[in-house]
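Note that the chains take the letters A, B and C in the order they are written out, and that residue 1 is the start of every chain.
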Amino acid sequence: MVPSQILPLEVGLGVLVFWVVTGLLGLLAPHNLRFVSRVLFPVSAAGSLVLAGAGLAGLEGLAQTAVLALGLPDLPFHVRLDALSAFFLLLLGAASAGISLYSAGYFRAGEGTAPGLHCLQYHLFLAAMLAVMIADDAYLFMVAWETMALASYFLVISNHRLPAIRGAGFLYLLLAHIGAIGILLCFGVMQGGHGDYTFAALRAAGLDRFWASAAFLLALFGFGAKAGFLPVHAWLPEAHPAAPSPVSALMSGVMLKTAIYGLLRVSFDLLQFQLVWWGVLATTLGLTTALFGVMFAAVQTDMKRLLAYSSIENIGIILAGIGLALIFHVYEANALAALALAGTLYHCLNHALFKSLLFLVTGTVLHSTRERSLGKLGGLIRSMPWVAWLGLVGTIGIAGLPPLNGFVSEWLLLQAFLASPGLPSSYLSMLVPVGAAAFVLAVALAGYVMVKFYGVIFLGRPREARLADAHDANWPERAGLAWLALGCVVLGLAPVWVLAGLGGTIRLLAGDGAALPGAQTWLFITATSPEQSSYSAVLFLVGIIGALLLAVILVRKLYHGRVRRGPAWDCGFPGQTARMQDTAEGFGQPIKQIFEPVFRIDRRVPSPFDDHPRYQGVIGDRLWYGLYLPVARLVERLSAAIGILQHGRINIYLVYSFATLIVLLFFMR
Amino acid sequence: MTPSFSGQLINVLAALLLLIAFAMLAQRRVLSLVYLFAWQGLVLSVSTTVVAWGTGQHHLYYSAALTAVLKVFALPWILHRLIIRLNVKWDRETLINIPTTMMMGIVVVIFSLNLALPISEQASTVTRNTLGVAIACVLLSFLMVITRRKAIPQVVGFLAMENGLFFAATSATYGMPMVVELGIALDVLVGTLIFGIFFFHIRETFDSLDTRHLERLKER
Amino acid sequence: MIQSLLPQALQTVLVVALAPLLLGWVNQCRAWLQNKSGAGVLQPYRVLHKLFHKDALLAENASPLFRISPYVQFGCMMLVASIVPILATDLPFSAAADVIALVGLFALARLFAALAAMDVGTAFGSMGARREMLVACLAEPALLMVFFTPVLIAGSTSLTTIVETIAHRELMLYPSLAFAAVAFYMVALAENARIPVDNPATHLELTMIHEAMILEYSARHLALIEWASAMKLLNYSAIGIALFLPWGIVTPGHWALVPLAPVALCFKLLVGGAGLALVETLSAKLRIFRAPEFLGTAFLLAVLGMLVRLALER
């Protein structure tokens, strides 16, 4: 360590302090929107960039540790920055830079919480996520985790005057805490009775198979409640639409990844060995979650709910990748484990960028049209070209299409799936390929969902007359969107460097000897060897653009370029109105019909003699009715039973105290 | 190591058998089911011939001929006549969910292939790899019987199961002794005839061949 | 560099130029099978020529996306054409994509087609987009399972390696490859908007899938789309040939095959085109909600192929 060099860990801590201070500055002028949005948010975006730089610098370096002078007596906070933390810090910095920049232009006077207070919550949220990623003991981890949950809770209910939003916030808080209990128990199991909760001690605990499995399951449950794995996903589609768009972007883009970070930290780093069935469980759960999420996304009518379900899908894909990596890791196929991990981490980064981008896009659309229902939007590409074209980048990215970023991670994961027939277990070598089909189905359906999302919002004709005077994003918003879109393009076109950068993180997780997926030359990425598979995004882009230009030039040279404009033809039907286009329901109908058993559909069909026939079909989540409501009823019944104790008479309460005292004294003897 | 030509041919025929088993699982039409059954018999008979030719086991030629006569002509003919007589030619099963059944079928196949793996690794016959396919055929036919409601498809399913067992015997031990095979053939033939008589009775009693009506026979 | 770029350019130009011919051949065969005289194999060229000469008529509210989309589709198909080994495997571009990336490229073209179809905001356009995306969603898992078998045999997803492995193996009966090939054929029918999933010659808007998407296009834009879909058919055939019938494609070190390669290619395409016409004549278009069953069958066949490969051909 060279003293003159500033270490990434110190930079990270600096940014943490900087964010907290920025947030507190907001309290100086809580109602001054100009100060908060034009000064504080851009400044905090600069902090994010510094953090991203620190993360980048920390990717290859050795792990650095520090003990802070904070915390309880004899229980100080430990922090540590290794390649895994550095990767997630990079993710946090890169995504939050764009989101903070966008937030500078997003907030309007008179919306929800006062801007200064909002600023404080926002920055506490950022700082808490940072702290989660560098925590090196369970104590700091849980403190940061709870701070993160609380800060985000207050951000979600920023518009707390609406009862629906309060309800969504409550559900979020509830599941966040149930998850936190899971994580707490997981740490409790892992310390193995030594009472030392630093991560170094957890690593050395030497658990047996049973307790390690218990820890893994608790981690899967606890972190799953934050990430949105089935069946603890229910808060996502409620909280994301309720929150302001930059908050949704931050929650979906970054906060879900803290759960992934936690799961990776526990299952690969803290637990000293892994078992095959963990991987099988994670892969199955991940694929189920992905399919569930994408099918529900396809039938949504609220644009932010659609994106929330799409987040569930992406998280499912990431979990499937983790599961696959676990399987390969256990069988010591380290090159393949590295491949699966590369795909997983890459997808985390991708999802942070494109999902943030799309949530921010919906924010601008929401602001300029006051409309979140897909059925009332349309044609916005003409009045909001900036948002539309930047949104197209995110759409292509999330649909997993070359040459953008979503494709790279999905390609890597598919390569890992394709390698699975080489597994020593004959059952797995036959079943995992079938899982690959589920994976591809989820990815293909994501393309369907994204065509629906983009097409219904931006293309076609405006479904409402007032959409024509929707205004485009303002400059800070454009800058934020452009930053994220640029990220998607760079991650798409330069996978060679990204994979090289991921090397340290992958080695940390999959073991030192792992051959990394990477590059033969700067042009191509390969999964394991160049004969096996290769992909070059740059050549794709050059090829497509080259062919495109060639076609344009040839057509222009050889033929005339005359264009006339006329009314839309539509097979000569004259009475076209904008309402004849597919609505969101219409676009999702085939999915609803084909995958009908997945949904709980509440249909009201009018009778033939109805004067004002109304058709209604409400799509519900079977798990909500099959799992959540019964549990809620059980809790209510239990509380009612305990409620017998309540009488309202002070004498009886005193009797309780008296009895307790007697019992305690009896046992204390 | 490249298997001999007859070995490859047997693999192809085994794959075809598997395919036909799946096709039967997904087939809605009663009549097509009988045709598929006949095809299955044909493939079975050809594969037995190939095994006989490849291994020089002459008694298998007789089994192949017996299979051809019984399963390609006699049984389908009886079933066909039954269908015509019972006038259920256009009967269609309302299968609940074909994709789900198919996915279950795939899982069953994976299970049986893995089940046979240790056995076929020890065996030295040309046909050792096909044992898994044979088990899969039996289980798939079983699955088919479970998912059907009408009587005739259920009987076809039972017969298809017997085909699978026959194939298993050929692939594991180059067939059973001739006496046993003759006995089974006779059983199957007689069984089908008895089933035919039953069909008429069932229909007379319930006016339908839907076996759900048999639930009414339960004592309360 | 120049030496390797020359065959590359040659192959790309060849595919771009010959794609309408394959379409013309299929249409001609179908006409013959249906006892019609047919318009001749050169008819697609005449159509393209006519379309390029017309004035483009755009809907008033068409956005730039609508105008770019045909070029993107054309560009994607051209790129695919330069990657798939058709005559020889030793192409500089072929490392740019393996089969999975090729599927991604097809999907990119499809996404732009679907978005453009929704752009004008007509009822048929969005219906076509929705159906096209649906068929694609269901086809892609089946397509992936199809790839598993050749990938298992060759141990690689790169088309070049697959061709070199399969073409030089000892001749054997591969039931797995046969299953996969049938499944691939079914998927290719669906992806190329042919009967029984879609009808390229339909005149009834409600039964359209691909045609409904391009109703608003005219003149050079329509010509580019038609050309791109002809190239898509040829590209799919080329992928099918590379995966399942690679004999005759020139691989490094087998230069004696060079004169034979075009002959082999023409023969395969002629037979394949006639087969396509036969299938289209014999089968009827399915209801759109029967398409899942059709593609489910393809998926099943592909899975069986893979399982047979893993269990039987050891």
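Definition applied: a residue touches a chain if its C-beta (ideal position, glycine included) is under 8 Å from a C-beta of that chain, and two chains touch if they have at least 3 such contacts.
The model shown is predicted, which means the values in this text are computed figures rather than measured ones.
Of the two interfaces, A-C and A-B, the higher number of touching C-beta pairs belongs to A-C.
Central chain assignment: A. Criterion: smallest distance from chain C-alpha mean to the mean of all protein C-alpha atoms.
Subunit A and subunit C, compared by their mean Cα positions, are separated by 36 Å.
The distance from the centre of subunit A to the centre of subunit B, with each centre set as the mean of the Cα atoms, comes to 50 Å. Annotation for subunit C: residues touching 2 or more other chains are 292, 303, 307, 310.
Annotation for subunit B: residues 106, 110, 113, 117 touch two or more other chains. Residue positions of subunit A touching 2 or more other chains, listed in rising order: 426, 430, 434. Against subunit A, the residues of subunit B that register as touching in their complex are 97, 106, 110, 113-114, 117.
Chain contact summary for the complex, subunit C toward subunit B: residues 170, 172-173, 175-176, 178-179, 292-293, 296-297, 300-301, 303-304, 307-308, 310-314. Contacts from subunit B toward subunit C in the complex involve residues 2, 5, 8-9, 11-12, 14-16, 18-19, 22, 26, 98-99, 102, 106, 109-110, 113, 117, 129-130, 132-133. Contact residues on subunit A toward subunit C in their complex (touch as defined above): 378-379, 381-382, 392, 396, 399-402, 407, 411, 414-415, 418, 421, 426, 429-430, 433-434, 436-438, 440-441, 443-445, 447-448, 450-452, 454-456, 459-461, 524, 527, 530-536, 539-540, 543-548, 550-552, 555, 558-560, 562-571, 573, 576, 578, 580-582, 586-587, 589-591, 593-594. Against subunit A, in their complex, subunit C makes its touches with residues 52-53, 55-63, 65, 71-72, 74-76, 78-79, 82, 93, 95-98, 100-101, 104-105, 107-108, 110-111, 114-115, 118-127, 129-131, 133-134, 136-138, 140-145, 147-148, 151-152, 155-158, 161, 205, 215-216, 220, 224, 288-289, 292, 299, 303, 306-307, 310.
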